[in-house]
Structure formats: C-alpha cells, structure tokens
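Each of the next two complexes has chain A plus one other chain: chain B in the first, chain C in the second.
Now for the complex of A and B:
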C-alpha cells in the first residue's frame, strides 16, 4: 500500500505533462488514468491535514494531522502525527510502500500512552483510512493495471473540459463493481468520482472542491467523500503545503515516530 | 285485518332488504380495503417516553433484531466444505434485497484483530476458502484465540457456526421467512441448518395466531350453531341469531376498513366478543317469545312479536348500551390497536342490538312463528321446575352459597397477587414446535437469541473514554453474565480489553480495561484505523457520550429479562457517581414495557368500566343500590379470572389481559336481564317468592342457554394448535361460567336480600 499516494490524491500533486497536451486526441481510457496515476508529485512534501468526519446525524469529529512524505525511488515513505484531539496527540503512523509488485506495505503505529511502536499488518486493500470514507485505494493507491478503463465521453464539468472514464476491476471480489471519474483534460486531476458497490448500486461520491498550484505542482486542497448509502461524509482539507523542501531521510524512522512533533 | 298484516310484511321485508344492501356495502369495503397488520411494532405507543428513548437509541446504535442461521457439522466446521457454505450463505444473504450488506455477520465477514510479537495483525479470518490442513488449523487457532468470535460466532464444540442477518422491523413476511428457510435448506447435507431469531418468532406469531383462528373460528361457529339449535330448537331462530352476530361483525370490520384501520391481531377478538354478546340478545328474545307462546298458545305472530318487543326492548337496549360503554372505556388505553378494538367492538355490540331488535321480529313477521318441537303437554310447573327449585335451593342454602363465594373470592385475591405478566413471544409456541426447538438449540451453544440493550449516557463528551467508567461497565457485564439465562454481553469495554491484550503481545494479563484515558483514546483511534469503525458505532456514539451494552439472553420470558435488569440496576448508583445514566432499549425491552402498559391500561379501563356501569345501571334502574348489585357478577368474574391465572401460573399477556373485557361485557348482560325481569315480576306480583321463581325461570333460563352456547363454542379452542388461542378458549369459557353462576347465585341472593322493589311496593300499598 502506498501511503505516499494518500498525499498523491489528497494532494493530487502534479505537473502538467507537456507531452500529454499534444497526445490528447487519441487517448485511451487506460492512458488517461495512467496520466493521473503517474503525474509527478515532487520528491517530498509536508502539509497539515484537517480531516472532518460527519455522520448521518450531523455529528462531527475533527482530526488534525501533520504529514510528511518522501519518494525514495523504489519505495515511498510517509509519516503522520496527530495534533488533535488532545487525547491522541503525538500518536504517529508510518507507512512504507514499495514499487515491487505484490509486496505489502510496512506500517507502524506509535501510541504515546503505551510508549511503544507496533507494526501493523493488514491484508485488506479496502480498509478505510482512519475511519474515514476513503479507502487506501481511493487515496490513489490503486494501480491502473488493476482495472480495465474505458473513455465514455468528453464533457464540460464544473467549468472544466473533462474526460469521463469508467474503470471496471479485473479482480472478481473487489469492493467496487465500477467507478466513473471526471478528469480535467490538461491537468490530469480527477474532479469527481462515482463509486458503485458490488451490487452496482451507487455507493460513494468523491468531489474535489478546490485545487491549487503549489510550488509548481497541482494539489487538491479540499475534497469531500460522501458515502451515500450510509450518509457519512469525510472532508479533507490541506493547509501549509510545502513541496520539495528537502526532507531528511531520517525523518521516516521509528525513532522520529516516538519523538513526535 | 289482512291489510295491516301485509303492511307489516312489506315493512319487514323492506327493512331486511335495506340491511342486506348496507351489509353488502360493508362487505365490499371489508374485502377491498382490509389489511392485516402483522408488524408488532405498529402496536407500540410511539410517544411513550420509554419507546421514544428506545427508538432513538436503536437508530443511534443501529440496533436491529437478527435472523440467525446456524450451520452444524457433527465433524466440526473446520473443513473446506462447511467454510465454503458459510461464505456462500453470507454472500447470498448480503445480496438479498431485504438485508443490508453490512448487516450480515459470520465467520466470513468477521475481522480478526490479533497480537503478534512485534505488533498488530488485522485480517479476515478467511477470504478464499482454506483448503489444506495447515490453513484450516490456523483458522481454528485464530478463532479459539479471539473471544470476540469464539463462542459468539463459532460454538465451543466447534461444530456450529452462526450467520446473523439483522433486518429492519418492517421487513419480515412469511414469504421472506420461507425464502430464508429454502436458502438454508439448499445447503443441507452433511451439514444441518437451523433458522431462528426474534424477527422469525415475532413474525411467525403474527401470522400463526390469525391463521389458526381462520381454522378454529368456523369450527367454533359450527359448534355454536349446533348448540344454539339444541337450545332454540328451531333452524330459523338459529339462523337469525347467527345472522345477527355475522352482520354485526361484518359491519364492524367494514367500518374499520372504511376508516382505513388495519386489522391488528387483537382485532381478531372482535368476532369473539360479538359472538359471546350477540348471541345473548337473540337467546333472550326467543326465550321470551317461547315463554309467551307457552302461556298464550293461541296468540298470532303479530301479538307475539309485539309482546316480545314491548317486554324485551328495554333490557336488550340496556345491556347493549352498558356493554358498549364498557368497551368504550378501553379508549383509556395507551395502545392504539386496543383503542380501536374497544371502539369497534362497541359499534358491533350496538349493531347487534339493532339487528336483534329488527331482524328477529322482521324474521318472525316474514317467515312466521317458529315451529316448535312438540313437548307442549308439559305443564308450566313442570317446565319451570328446575328453575323454581334452583331459586328455592339458593335461598334456602344462602349461607352456604355466600360462604363458598367468599372462600373462592379470598382464594382468588391471593391468586391475583401472584399474577405476572409475560411479554414472551416464544412461549406462545408449542414446546415441541420447530421454532422453539431451534431457539433452544441455538441458545444451548451460543450467547442467546434475545437481546436487551443497556444504554448508558452522560452529559460529558468523551465520558466513555474514562477508565473508571469502562471498569464499571466491565464489572456489570461480568455480574450479569453470571445469571444463567444471560449467555453473553458485549460493549466497548470488550473492544478495549481486546486491544489492550493484543497490543501487549496477546498476553492474557492485559485482558483488562487500560488504566489511562489517553491510552483508551489511542486504542480507539487504532481500532478505527485498522478495523471497521462501523462496529464501534454500534457500541458507542461519535462523541463518546452514549454507550450501548448488548446483553444476550437465552429466553424472552419477562421474569428472566427482569432478573437481568435487576442485576444491571445494582450498578445504577455506581454509574451515577461518574455521572452516567442507565436506560434500556431494544425490541425485547419494548415488549416488556408494552405488556406492562397493556396490563396497566386493562386494569384502568376495567375499573373505569365498572364505575361507568354502576352509574349507568343506577340511572337506568333509578336506584344506586341496583348499580352496585349489577356490578357483582362482573367483579366476581374478573377476580376469579385473574385469581385463577395467578394460581395456575398462567401469565398475563396481550390476549389474556383483554379477556377481562369479556367478563364485563357478558357479566353485565346477565345482570341486567336478570334484574329487569326481577323488577317486572316484583312490580307485577308483589310477592318475593313468586318473583324469584319466575325470574329464575325466565332470565335464568335464557342466561344458562347463552352460557352453554358460548362455553361450548369456545371450548373448541382448547383443541387449537396455537397455545394463546387455547388459553383464550379456556378463559372465555371460564368467564362465561362464573358470570352465569355469579348472576344466578350471589347476585340473586343480594338482590333478594336487598328487598329492592318490594319495600317501595309495600310503601306504596301502605300509602
């Protein structure tokens, strides 16, 4: 699992491929999705994430997290520290994901009240990310080769020229039967995504409310995932985004997890 | 002479046609618009605080009743065949339209949070069905080490596994149940499959009662026809009397359909009431006619009808009005189906009165006087011999009668103190029925098929992250689980203990509530990150202000539920010290409250109707004394009825509690007819001795006929396959009998001793 891609899609950090602008005419669905997936994200990044969870009764829970990530080529490392609520402050979570096919991510959690770092292993890609409505896959971890993609049409959406691509998983048992993504033509940013569950019923909507160009990369700074069936929402807002600040390799260690912010 | 006769004929025919036309209209409405209401929740008084609270909690914590499918393999479940079946059944249930995908729990969907040397492992128990020995053994080990699954989803002997599908209240239908049964059946061999759970018990019950009634009511009616014929000795009279009952029933249900009120299961009691009461009017009328013809052998039908109406309209109207008012008192109930029951029975009773006073005379006018089987040679003395001697005997041995009554009443009052209420649905089924057997089987191996939810709430956010609060919850759970009927309990405390243990390398000594609030918060965060957070929201709310403790019970018997509640209540003070309140929720608890409410309402309306009846009788007979005397049979019937239930350990339930209304309805009939006759004879003869004899002969006869007819009819219900209908039959019969006996013995004696209608007469004479 590439938690770096948490940032990839939450940030959806990206540069415009000058090539792609010219190649637009004959793009296949697969190519469009690959362009989104491989959009450069910078070597490292640092940001403050505010995650607001809202249930069907309108109850809200807010979590503030400071996160760091760095691309090491074959692997991508990511570390996040909880700033609030107070009782989980300095709880930290580290994820190493690997390019190597079939290799599971390594994950660690540090609980300050326990003063211990523990490795976590999980076998489910469809796990929800920290109780939110995003699965790790939704956050950009799903490789384009895992689905077949079809360009449905091109249309204007939210004032942007978009490709509308349908992706159907190759694997039988996957939690979605298909997804439909609206991708901004010249930016390779998914502006909206519809998720359909195993029974092909509309499950979730991802909408991007705001994206900015930061340090030369496109970053989605405000997105909302709405689980329609449960009427549960997650709002993710990024602030203080810094890209390519030259983060130290030693940032991504168990020792740093314990030290906290 | 011929002309007026024809006019009478035409008028009578017109009336008959008019009634027939209206009946057809009602019948049409009834057939087109009637619908059964089988969802028991529809009975609940939604605005009652306990229900409002429970409904809120059910919504907050997604509390639903579950259908349980147990799969049993005598060779153990850890083989690829059985595990595949568990997976397939789970998936099929998830695809069933009535079931939400997330509401199916089984070994296949359960998550396994495990501790390892270095950390934490969150996995499905299995995804692809394990094939080789090693993987099967690993699965067995995983289950054994996870107390959140072991003995909850997999039985201790490892031969049975549960698949639970929670459904909404309104989803159940017989068709759905049979689909689930068929689904389960299709996976049989070598495994055995069982289907149980609260929705099935409740749902089946809601269908079974009325269905059994559909079979039994025709037999009841057949027996009543037979006995009625035996009593009235005329086919025509029998048919007309039955017609009164039938028409009033159709009108009552037709009116219900017109108002769009569904047929609740208590509504099936309406025909029961109308049979018992409607038959009475006919019997009294014909009985009077009979005596009149006996005394005036040469009278023609017009004279006979005129005399019958003149003499009898008053008692018929009085009995009907008092009975109807008695049923109207059910409006004081909190429960809408019971209110409707009261109103429409009242309406039916009034219609039965109208039909009796219209149809029976019209019938005689159209079809002529009933032909009587020949036994006219008997003298009047002979004819009334039994009644006369009964009257004499009762007066002669009055002290014996009074003391026996006294003793019975005292014993009954003792019995009343033992009366208890049972809201159990399961106990309404035969002990050897499939439903009860399956339920027993699952209860033997798992925590229990019934649940009550203890809802804890606090004013403060994060209250349930405090170790001291969690420790009380844990202690309470241990305490409650020590009661034998409680199989299991489940709360946030279980998650915390599990996380604490897992984070300490699965060390059993850490299977306790963590000491620090921060650690609890961090475990919860970790659980949200690694497990399915939706599981957490079933035991705690978003702000950690409210928590839900599930207590699983192996019985839905009210005594047992109350024992569990008593054990929980012991912790109320401890919880209060940490500013936490205890409340309850869930269908089992609502049923408990509901039954209490029904009983409370029944007793209230019973008392109210006795008061109303005393007032009405006092007004009708213009004597307060008569009001009280007339209430005697009702009070005695009610006391004996409840007393016997207490002594025989028959619990009060929604059906049995309603039967007290019959006591009122019937008791008042007997009393009014008897007193009215007594008054007539007393004023006529002025002789106490003649009065009692003639009253006993006239009214006593009609009363006993009425009692015999209805008792015979309802005794048929003793052969019902549905236990609640059996108790209904027994109790109605008993009530008819005590009402009858109370009227002709103790009430008669009190009336006799009171000298009512004689003093006045004597005074008048002296004047």
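Now for the complex of A and C:
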C-alpha cells in the first residue's frame, strides 16, 4: 500500500466546500482556480471514505478509511485510519500541511505489523494514492501557483453554469501536460476535469456524480476518476460527513495513530 | 489426534466469541513452505499459521488477546499468546498491563534501543518482525504532553532470547577445540522483584524532527557463555570444558532521531551499553568472559525515485577498551539495503532487502515478490540467500532457501 504523500483529500472534503461570496466579474483563470482552492472549509471535519477500484475486467477492490482533519490556523492536520482491506487494518497516516509557501508537509505512517511510527517524505505528489486512479495532487493539494490558468469559455455542463479553465504546469516534466476543469459558477466546485498526459493524449476524466450541502458547506460525496487509456476507474464515496464538531487537538498525535479509532 | 483436540475448541471459541457484542476479530491464516537450494533440496520449513486478534473496548478500557498457532508437517503444534493486555485510557496518560510487544527506535531490522521485547531467533531473522518480537509481561505507563510522550516500563519477570534447538539448521554450536558440555544451572533468572527490568523513554514528534531518548536497567537477553576448564587429573592438562550460559545485568543509554531533508528521510539511532560480558580467549581469565562497555549505532536514509523506494543503513558496533583476546572484532560494521516497488495498482510488490557484513564480507539477500490475488489474500515467492563462509550471515551459507507463503487476512 502506497501512502507516501500528502492526503488532505481536499477535493472531497475541502476544495469542494464552497461559498458563493466571490465576485464573478472579470475573473481570470487563475482567480477562478484560487477561488476553488482558497475558501473556508470549517474548523474541522470527520468522514468515512470508501474507494472502489475497478479494473478493465470489472474486478473490484475496496478500500475504507476514516479520516479527521482540523485547521490550526497556520497549519492543517489530517489523520486517516485504514479499516480495510484486512491486511492494512489499523494502519494510520498523519499529515501536517502549512500555509507557508514552499514549506513541505510533514507526514507519518503507523504500521501495526512493525508497531512503529515512521516519518516519510512528502516529495512525490504524482504518486497514486492506495493504488487508485487519484494522485495526491488530484486529491487537492496542488497549489494554484504551480500551473498557469486560462479561462477558455463559459458553458452549461450537467445543468450547471460553468467556467472552463485550462491549467498548464509550470514544471517541465510533470505527469500531466494540461488539465481542463469545469467549475460551477456559484458554488466553486470542480464538476468535471480532463487530464492529458505528457504526450498530450487524453489520460483521465474526473466526474462528480453527487454533491450535498452539509453543515452549510458544499461537499462532493460521489466522484469517479476514469483512466481512459487503461480503462480502469476509481469510485470515491464520502459518508457520515460531520463539520465543526470541535475535534480535540489530541486527535492529531502519535498517541492516536497508535491507539486507532 | 492432538491437532483435532486443540483446533476444534479454538474454532468453537472463535465462533462463540464472534457473537459477543462489539467484539472485534481479525487475524490471518498462512501456509509457508520453504526448501533449501543446497544438497538434496530438503524442505527447511513446512508451517501453517493461524493468528487471531480478539479485541474489545468499553469506554476508556480496551483489551486485546492475540493467540497464535503454528502447525508443522510432523504434526507438531505450537500454541501461544503473542500479546494479552488491558489498556486504561485517561486524559493525559495511558496504562497498559499484560503481555505485550514493545518496540522502540527508528532502525529497520536492527536492534539498538529496541531492547525491551526480546527476540525469537529460532529461525534467525527470517520471520516477520511481528513474529520475531516476543511479548513481555509488563506494566507500561505513558504520559502525554502535547507531542511529547514519557514512557515507563516495568517488567517484573525476565524473558530471554529464544534460541533454536540443537537439531535446527539455525542452531549455532560453540566453537571449541576441546570437547565441551553445557551446564544450564545458572541460566535462568529467578522470578523475584529484585530481578525486575526498568525501561524509560522520552519521545517527541515534531515538524522539524522526531527523536527518542531512552535508558534501561535490564538483563542481557543473550547469555554469556562462561566456561569452566576441566583438568584431567591423570595427565594434569585441560581436556574438556563445561559451558555455563548466564545472563548479566545491562545498563543502556540511547536515543534515535528521524527527520526529512527535502526528498530524503534521515534516521539515526545509537546506544551505550555497560555490563556486557564478551567471550575471550585470554588464558588469565578463569571463566572465559570479560565485561566491557560497547556502543551500537546506525545512520540511515530513505529515498524515493519515482515509484522506487530505496533505503540504506550503516551500522557499527564498537567495543570499548578493546583487547585482542576478545572473540568479537573491535568494530563490527554492517550495511542494510532495501529497494521496493509496486506495480499493477499496488497489487504486485517487488522487494529486495539485504544485510551486508563488512567485516566478514558476508550477506543475507532477501528478494521477494508479493501478489495481492484479491484484497486480503497474498501470494508470496521469495528467497533467502546467505553469502560468505563466516560472520553472522555467512555461517548459514548452507541454508539458502526459496519459499512461498499464502496468507489470508480477515
């Protein structure tokens, strides 16, 4: 199981919380993406995440996670407890991310078989998360400053008025040559995203199947990432979402990583 | 018949307790077949394992029992309890009482400050680390202050390293030119309060660095082999030796750290031990052992290149106030190397782990491939290759083996 990178899952729990307070006039592509990235997400949240990995033959593998996050002002802490499959049960992962630009996340993984908490590097954000079709960047940690953004057009998609924004990485050897995102105008939710590989071939589609307003925030609760080239996909479903429940600071410590839920 | 007598109650027990409310059952069943690659390719191990975790919690009280069963091809059964403890959770501290595995330090596959739980060396270092660590009956107290932890462990009853039987391919026979016998009369450490072991640790997990500081007043898990020379009265010369394994008190001060340097994770661990008895050939010594202090430390890095994860450690053990009569080298240097990579959406893992002894130019090389056939069911193929003729790995040169493991987790 690969857990080597940032897992804020903000696409599901953070980026997709949205407010409609942003001005919608004279918006640039950069500003639209920033509006999605920088918006209030509540002080804390907890939820149950189920990922279903489906290969080209239709075989399914299911990963279940319980996750908690809390905003501490200058830093955000996130902890995840793996419930299934059985051989990774009781594994936990903790991430501390910082507002300070350029500062790397701090990450630890607790491995119950070794009974050890290991510090790991957060360097490879292009890695796929738990064998799914989502990279760590896809899960919401990619900062708007890492790409140049261009507003291509405005159009109706899925019954919603959307901005269509093309994002091209500044870094030369990034795994995507570009992405195109459909963003709902009044909710700042990415409703669909197309990913193109280094040869500019269409690689993946992310589509949002369902989103709900929970505790005053929009939350995507059902999304699908489809790898077109390999014809496998990952379904992400979020349940039991609770926001601003007053999570204790002690939840985000080595003590809890070892103790579990 | 014995198998049935034990397995049936176990199954019944599992079914019965499985119905209890809020009781959590997890574990695995595994079959393990290994064959030597030398000689007539004899099987080195044919083993079936059932490992069960029974857990229950009620409020701030939690208990766990981890029974295990090994079944061998000769119908031999080994039934034991890996862990059985009770946790009490309070606001700022926890108490754990019972048989438990306690793991310290930042090293991988090396035991420096990780000296609380003794080792099961009956199959050398080949089993999973969870199976190498022997549970100790202990009282553990953990106090938490922000990201700091103060840990105190009291072990009232000493448990030593488990060594292989004399008939095992992993057994090490003492090297003496003269005939010898072994007298175990002084080996056991008597169960009494004065023979307790105490371990203390402070640990911090922070953004900049994680570190641990530890101290221990314990027993050396490995006995020193005192020797008594037997003089043949007829000819007046020594013609045999009686070996008397004996455990000695060991005092340890140590620490470890782990931090990130860009894409690197840098780790270190070290300890200073006093009270260790080393074997010596100094003829002036009555019992063939001498007490010396020693240092054991390592530095290691973890690095990722694309999907390839690499890790390496340099380990050194240095004997203080060294003299040339010691059997041990003054400095013993070892390197470990790990490369691991996932394929096919992390359903296939290829790994190469090796210990390399620099003093004796020996090594243990452990390649393996693991395939998750379905979630929770793994098929593993691997090999354990011992290189060299002497040293801690080379002395097992005839034990090269290939193996397969099938493991079903639930």
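The rule is short, and it goes like this: the second predicted complex is superposed on the first by the 238 of 261 C-alpha atoms of A that agree within 3 Å, B and C clash if a C-alpha of one lies under 4 Å from a C-alpha of the other, contacts with A are read in each partner's own complex, and residues count from 1 in each chain.
The rule is short, and it goes like this: a residue touches a chain if its C-beta (ideal position, glycine included) is under 8 Å from a C-beta of that chain, and two chains touch if they have at least 3 such contacts.
Predicted model, so just to flag it, every value in this text is computed and none were measured.
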Quiz item: Should the pairing of chain B and chain C on chain A count as a clash or a fit in the superposition?
Solution: clash
Quiz item: Between chain B (first) and chain C (second), which does A:31 come into contact with in this model arrangement: first, second, both, or neither?
Solution: neither
Exercise. Could you tell me if A:55 is touching chain B, chain C, both of them or neither one (first, second, both, neither)?
Key: both
Quiz item: What is the contact status of A:143 with respect to chain B (first) and chain C (second): first, second, both, or neither?
Solution: neither
Exercise. Classify the contacts of A:253 with the two partner chains as first (chain B alone), second (chain C alone), both, or neither.
Key: second
Practice problem: Check whether A:85 is in contact with chain B, with chain C, with both or with neither, and answer first, second, both or neither. | Solution: both
Quiz item: A:109 contacts which: chain B (first), chain C (second), both, neither?
Solution: first
Quiz item: With the two structures laid over each other on chain A, which partner does A:96 touch: chain B (first), chain C (second), both, or neither?
Solution: second
Quiz item: Touching A:130 in the superposition: chain B (first), chain C (second), both, neither?
Solution: both
Self-check item: Selected from 294-302, 384-392, 420-428 or 528-536: the stretch of chain B that, after superposition, runs into chain C
Solution: 528-536
Practice problem: Jot down the residues of chain A that show up as touching in both complexes, chain B in one and chain C in the other. | Solution: 53, 55, 61, 85, 87, 108, 113-114, 116, 118-124, 127-128, 130-131
Self-check item: Residues of chain A that touch chain B when the two form their complex
Solution: 53, 55, 57, 59-61, 82, 85, 87-88, 91, 93, 108-109, 111-114, 116, 118-124, 127-131, 173, 197-199, 230
Quiz item: In their shared complex, at which residues does chain C touch chain A?
Solution: 26, 28, 89, 94, 101-103, 106, 128-130, 133, 142, 144, 147, 149, 203, 205, 207, 210, 258-260, 262-265, 302-304, 306-307, 309, 342, 345-347, 374-376, 378, 407, 409-410
Self-check item: For the chain B and chain A complex, residues of the former touching the latter
Solution: 60, 95, 101, 116, 118-124, 127, 462, 465, 503, 514, 516-519, 521-523, 525-526, 528-530, 532-534, 537, 541-543
Quiz prompt | Complex contacts: residues of chain A adjacent to chain C | solution = 1-2, 4, 53, 55, 61-62, 84-87, 89, 96, 104, 106, 108, 113-124, 127-128, 130-132, 232, 250, 253-255, 259
